[in-house]
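Structure in structure tokens, see below.
By written order: A, B, C and D. Residues from 1 in each chain.
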Amino acid sequence: MAVVLDARDLSKRFGAVTAAMNVSAAIEQDSVVGLIGTNGAGKTTFINMITGYIKPDTGSIHYRGRDITALSPREVTRIGICRSFQIPQLYSSLSVFENMMVGLGVVLRNAGLGGFFSRGQPNVPGHDAPAEDVAERILQRFGLSDYRNKNAQVLPGGVRKLLDIALTMVAKPAILLLDEPTSGVSAEEKFGMMEMVMAAVKAEGATVLFVEHDMEVVSRFAERVLAFYDGRIIADAAPEIALSDPEVKRYVVGGELRRMDEREGAANA
Amino acid sequence: MEEILTVIVDGIFYSAWLFVAAIGLTLIYGVMKIVNLTHGSFYALGAYAAASLTGAWIARGYPPMLSYAVLLGSAVIVTLVFAPLIERGVLRFMYTKDEVVILLITYALFLILEDVIKLIWGVDPYFIAEPYGLLGSFEIGGLTHPTYNLILVGIAIVAGVGLTLLLRGTRFGKLLRTVIHDPEVSRAMGINVDRFYLVTFTFGSMLAAVGGAFTAPTVSVVPGIGVEIVVLSFAVIVIGGMGSLPGAALGAVIVGLVRSAAIHYAPAVELFVIYFVMALVLAFRPRGLFSLAEPRKI
Amino acid sequence: MRGLSKLATAVVAALTVAPVSAYAQDPAAAPVKIGVVTMLSGPAASPFGVPARNAAELVIELLNEGKAPAPYATKGFGGTAVQTAIIDEAGSTTTQVTEYRNLVQRHNVDAVIGYISSGNCIAVAPVAEELKKLTNFFDCGTPRIFEEGSYKYVFRTSPTSTMDSVGAALYLKDAKPKVKSIAGLNQNYAWGQDSWAEFEATMKYLVPTIEVKNSQMPKLYAGQYNAEISTLLGAKADAIHSSFWDGDLEALILQAAPRGLLKKSTGILTTGETAMYKLAAHIPDGTIMGARGPFGPYAPNNELNRWFFKEFQDRYGVPPNYAAYQMTQAILGVKMAWEKAQAANGGKRPSNEQVAAALENSTFEGPGGTVKMANGKGHQAIMETVYGMSKVVGGKMTVTNVKRYPAEKVNPPEGVKGIDWIKGGFKN
Amino acid sequence: MKSDRTLIILGVILLALVVAGPLLPQWAMFLATIAIAKGLVALGLLLQLRAGLVSFGQALYYCIGAYSAGSLGRFFGIGDMLLQMLTGCIMAALVAYILGFLLARYRGIFYGLLSLALSMILYGLLVKSEALGSTDGINILPSTVFGIRPEQAWVRYAVLVAGCAVAFIATLLVDRYLKTPLGQLAPAIKDNEIRVEYMGASVRDAIHVKYVIAAALSGIGGALAATTVGHIDPDMAYWTTSGEFIFITILAGTNSVVAPFLGAAIFGIIHTVAFDISPNTWQMTLGIALLLVIVFLPDGLWSLFTRRKAA
């Protein structure tokens, strides 16, 4: 399959901390890739570098053969690489629907539509429907219709995550990077949530990279796993292979299990 | 050479004055994140209180050397009367509001205090020149300077160093820093945040009053004396970086030196040189010279 | 909408608060209503605004009781009681024009006396003309008003700043014939800039070889002058001209004293009179003191002055300063014109046009002596001016070797701009 | 949308003014015109406030507008009020376009104080410029419409009508702008700039645009004020003037494009009444009024109109 996103030898240091060292990964069209690794392993840094939030010290990022290393988040988004956030980034003073409309407005504007002089309701490029319909459709796909007029500030955690992801869909992303889509969601709900998200994403059609701590979720949804440890990729393979890799077992899975126990402990305490 | 020396000396005197006036403002902003226009009112209150009380002191023929203590005392007293009143009476109900709205509230209070001052002291000017002349004068670079100016320099140093030590060294300082870092968490930790705000506001305002009190002997205390000082102080602490003590110091020194240089070499530009420096600094250091680090967003 | 109606009532209420009594009474018997605009807040309140207001209240009260000496003995204005509406001359010129319009059109005043700020005078003059309302500026100094425009309803019964600067220069030359160099310390706004320009030009004419060492123009209300004083000390000029007033002037005197600035160079304080009593101890003897005309210590010893000085001193416990004199002079001028016009009008209440016509080109006596409405097509007063030197006698401030300069010698002739007149060599 | 209704309200109010104009006493016309002029500036502040930005230097553009109008008369002998407003608008917009590249990088208090510094620099320059009358300022030519000088008694009315017309058009355009995607970014920028960038929009460009529009409005306001008052001086750029505009904007509330005009009118009235009833303590009256509004009408006076819906 064709490589759409190609990261080569990305390295990034913050003072003494090595956030990334010679990270390389080639992502194929329409694949679903899980990024695993304990906190601080470099997963979010990887996403931040791809989306231009931080610039790598060395290395390059290519999208469909084009070098996008130097692009800003805005430009990266415009060429179809979108992301969601570990901590949902919402417009807290606006309603769920308005959140969507702001996003769609930007899409329209970038397409030169819905400007000062334009009349009527132009179709949103990629969705071929007026903005309001698109918003409703996406909200429905993510099961957010009931929250349509709720203020983003008052949404429960899981819903915030969903809206955060739904917001990425307005631009019809070709590549979607989900940073811990299920964090803060109870173990029971995780699967249901991922089901819904993946269904929605696939319906819109996109290559997906997602960060996940729960190995069951990873092996259930990922076609391929990138295991991060200390800023390096220590394994890059199909889930069953990657997760059984001894290094991964030691540095990642083990770490995650310990993390779980702690959470249990905290819950019981 | 002599002229450069004079420029520096004048600059330092002005810087000291500016610093004393501005340090309280940066403290209050640093802790409470409010842009406090009543700072000017407290400067004026300090000046008026000092002028009237010290005037009475001298008139009664008490030892003039103690008049400096009276200057200080009157600043303290007047602040203890007004600052808690304002903080407890009005501001504390407003902390939840936007920064801008709080700024407007302090503006409203500033307007009110302007007239309160007029009602208490009237519009006639007050003088207490005695403390100014008392210490005689000294000579640098062939020019005589009143020794009194050194007092302001002294106060500036004491205030700056003292406040730094207070924040770094003491338990109060440590707690205050946690309050600055995150008021909510501090509350959760059982720190009495309100009390810290009250203390900070009172202390910050007191510094303004002290500035006014020790300026009083060198000027005639008239209505509106506090208006200009607010903007001037803001220029200083913005140049230095809002909420930063060393920043305020550096800002004051820069403004002071630039201004006195302007007066000596290009009197025409003195009028807006300060704002020019401010714009210039912000153009290259958008958050001022000693900007506090931004927290990680994602 | 409940809100809307609430608001509407508020608005209506707000606007009817204004004393509309003037509408109610029948115009003939109605008292003469004078709008008095002067600074009641800000740094100019204590030296000018409040003394002027006090003078206005005092004089109008005395006039209404008919307690003024001749020729002002008739009660009020020609027998009609005088009422005042006092407005603070604060805020932007926009505010002042707004308030002026309110005075004229809502309070229906018969005349407006006021304005300290030259900017306000310049802004108000055309409005007065538009509204055809007799308006007398009592204090503002800028020569521009009648140099740039000509008016029917606008008057100024006090001289312009030109007189102060020229007088100061003449006096300096007379008192110190060997003066070789001058320096200036003036506030960085129109008044300070004009005063210095006129003084400098006059000195250059009087002493072609004069050396101008330095001209400092600190910000208005700066309050801190150590750096300026240093430069002036360094300049070592024979004389230092300053048109500083009140707060700034007092700060300057206080900060200059310990550094001996005014001892090393002769100070020329064109408005020094406002500070001379308060700061007697800090002003070195021999400092040249101005009072913007024959006012205060320089006022002539005539009955009007003795009356005014005593009444003011008794009422307020301080001697009247020049602002008080100028306000009194302004009121008396209008009274004189009003009564002249009333007489011409067969004893009936005169119209604004008639009063204006009567005031034009008139000459009247004030506590400061003779006022000639000689310039600006008869709308701008000229007076003699007086300067002297400070001398502290037994802790009390007095003035010595006082010199009086006749009006024609220190004011440009009709139709000539002050600065042109000076540069042109004072041709009358 | 709600703003359509409010626009009608504005239209009705302005139309009422125009119709009632001849019956109004001149001082009322003057007050109204000044209110419109200041309302335009406040409208500009509203645009910025919605994006979470407060300019303590909006007077910069108010003053530029006024001096452009003044210069037209002083140097080209043009007194046409419409031309004056147009010039003021253009000059302000031009300057804002250039300064915008700098300002758009700033947020919060720094945005405010940098704009304050800039307007104070203009103040300083004007004080130095004797050709423009230094601090005393200059009077500007009597207003004319299309070169015709109206009958003395009708000048105020002519200015008022012109003001109403311009204000209405400006407000229509602003409202239209607020409905475009760019306009609707404002609250998003206030809430979460990162997200805005990650949606493919440039926060800086958006702010730059708002800054220029605000300046253009202020320029018109300045020119209108100049031709109404007939006098201009450097104080129009002084920080206290900017403070007054913020005062008006907050007083009015930022929930409607009509509110600023209302706020300006109320401000003018409070001010005048304060001067009337307490010439010695009008500042206190003003301050107390402001406090009361902030405490009891946190969303500004406009909430008086909308409250009924809320309840």
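Methods note: contacts are C-beta pairs under 8 Å (C-beta built on N, C-alpha and C of every residue); 3 or more make two chains touch, one makes a residue touch a chain.
Everything quoted here is computed from the prediction, not taken from an experiment.
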Show which chains lie in contact with chain C and also with chain D. B
Between B-C and A-D, the pair with more C-beta contacts: B-C
Farthest CA centroid from chain B: chain A
When the C-alpha atoms of chain A and chain B are each averaged to a single point, how far apart are the two points in Å? 49
Can you give the whole-Å distance between the Cα centres of chain A and chain D? 44
Could you grab the centroid distance between chain A and chain C? Build each centroid from C-alpha atoms only and quote it in angstrom. 75
Based only on mean CA positions, could you tell me how far chain B sits from chain C in angstrom? 36
Among the residues of chain A, which are close enough to touch at least two other chains? 89
If you look at chain B, which of its residues touch at least two other chains? 114-115, 118, 268, 271, 298
Can you list the residues of chain D that touch 2 or more other chains? 127-128, 194, 280, 283
How about chain D: which of its residues touch chain A in the complex? 176-177, 180-182, 184-185, 187-188, 190-192, 194-202
State the interface residues of chain D toward chain C in the complex, per the touch definition above. 25-28, 30-31, 34, 127-128, 130, 133-139, 142, 152, 155, 225, 229-231, 233, 235-236, 241, 265-266, 268-273, 275-277, 279-280, 282-283, 301, 303-308
Inside the complex, what are the residues of chain A that reach chain D? 51, 72-74, 77-78, 82-83, 89-94, 101-110, 114-116, 167, 170-171
Show me the residue ranges of chain D that touch chain B in the complex, using the header's touch definition. 49, 54, 102, 105-106, 108-110, 113-114, 116-118, 120-121, 123-125, 127-128, 194, 239, 243, 246-247, 250, 280-281, 283-284, 286-288, 290-291, 294-295, 298
As the complex stands, chain C meets chain D at residues 1-4, 6-7, 11, 14-15, 17-19, 40-41, 86-88, 90-95, 97-99, 101-102, 104-106, 118-119, 122-123, 125-127, 130-131, 142, 144, 148-149, 188-191, 193, 220
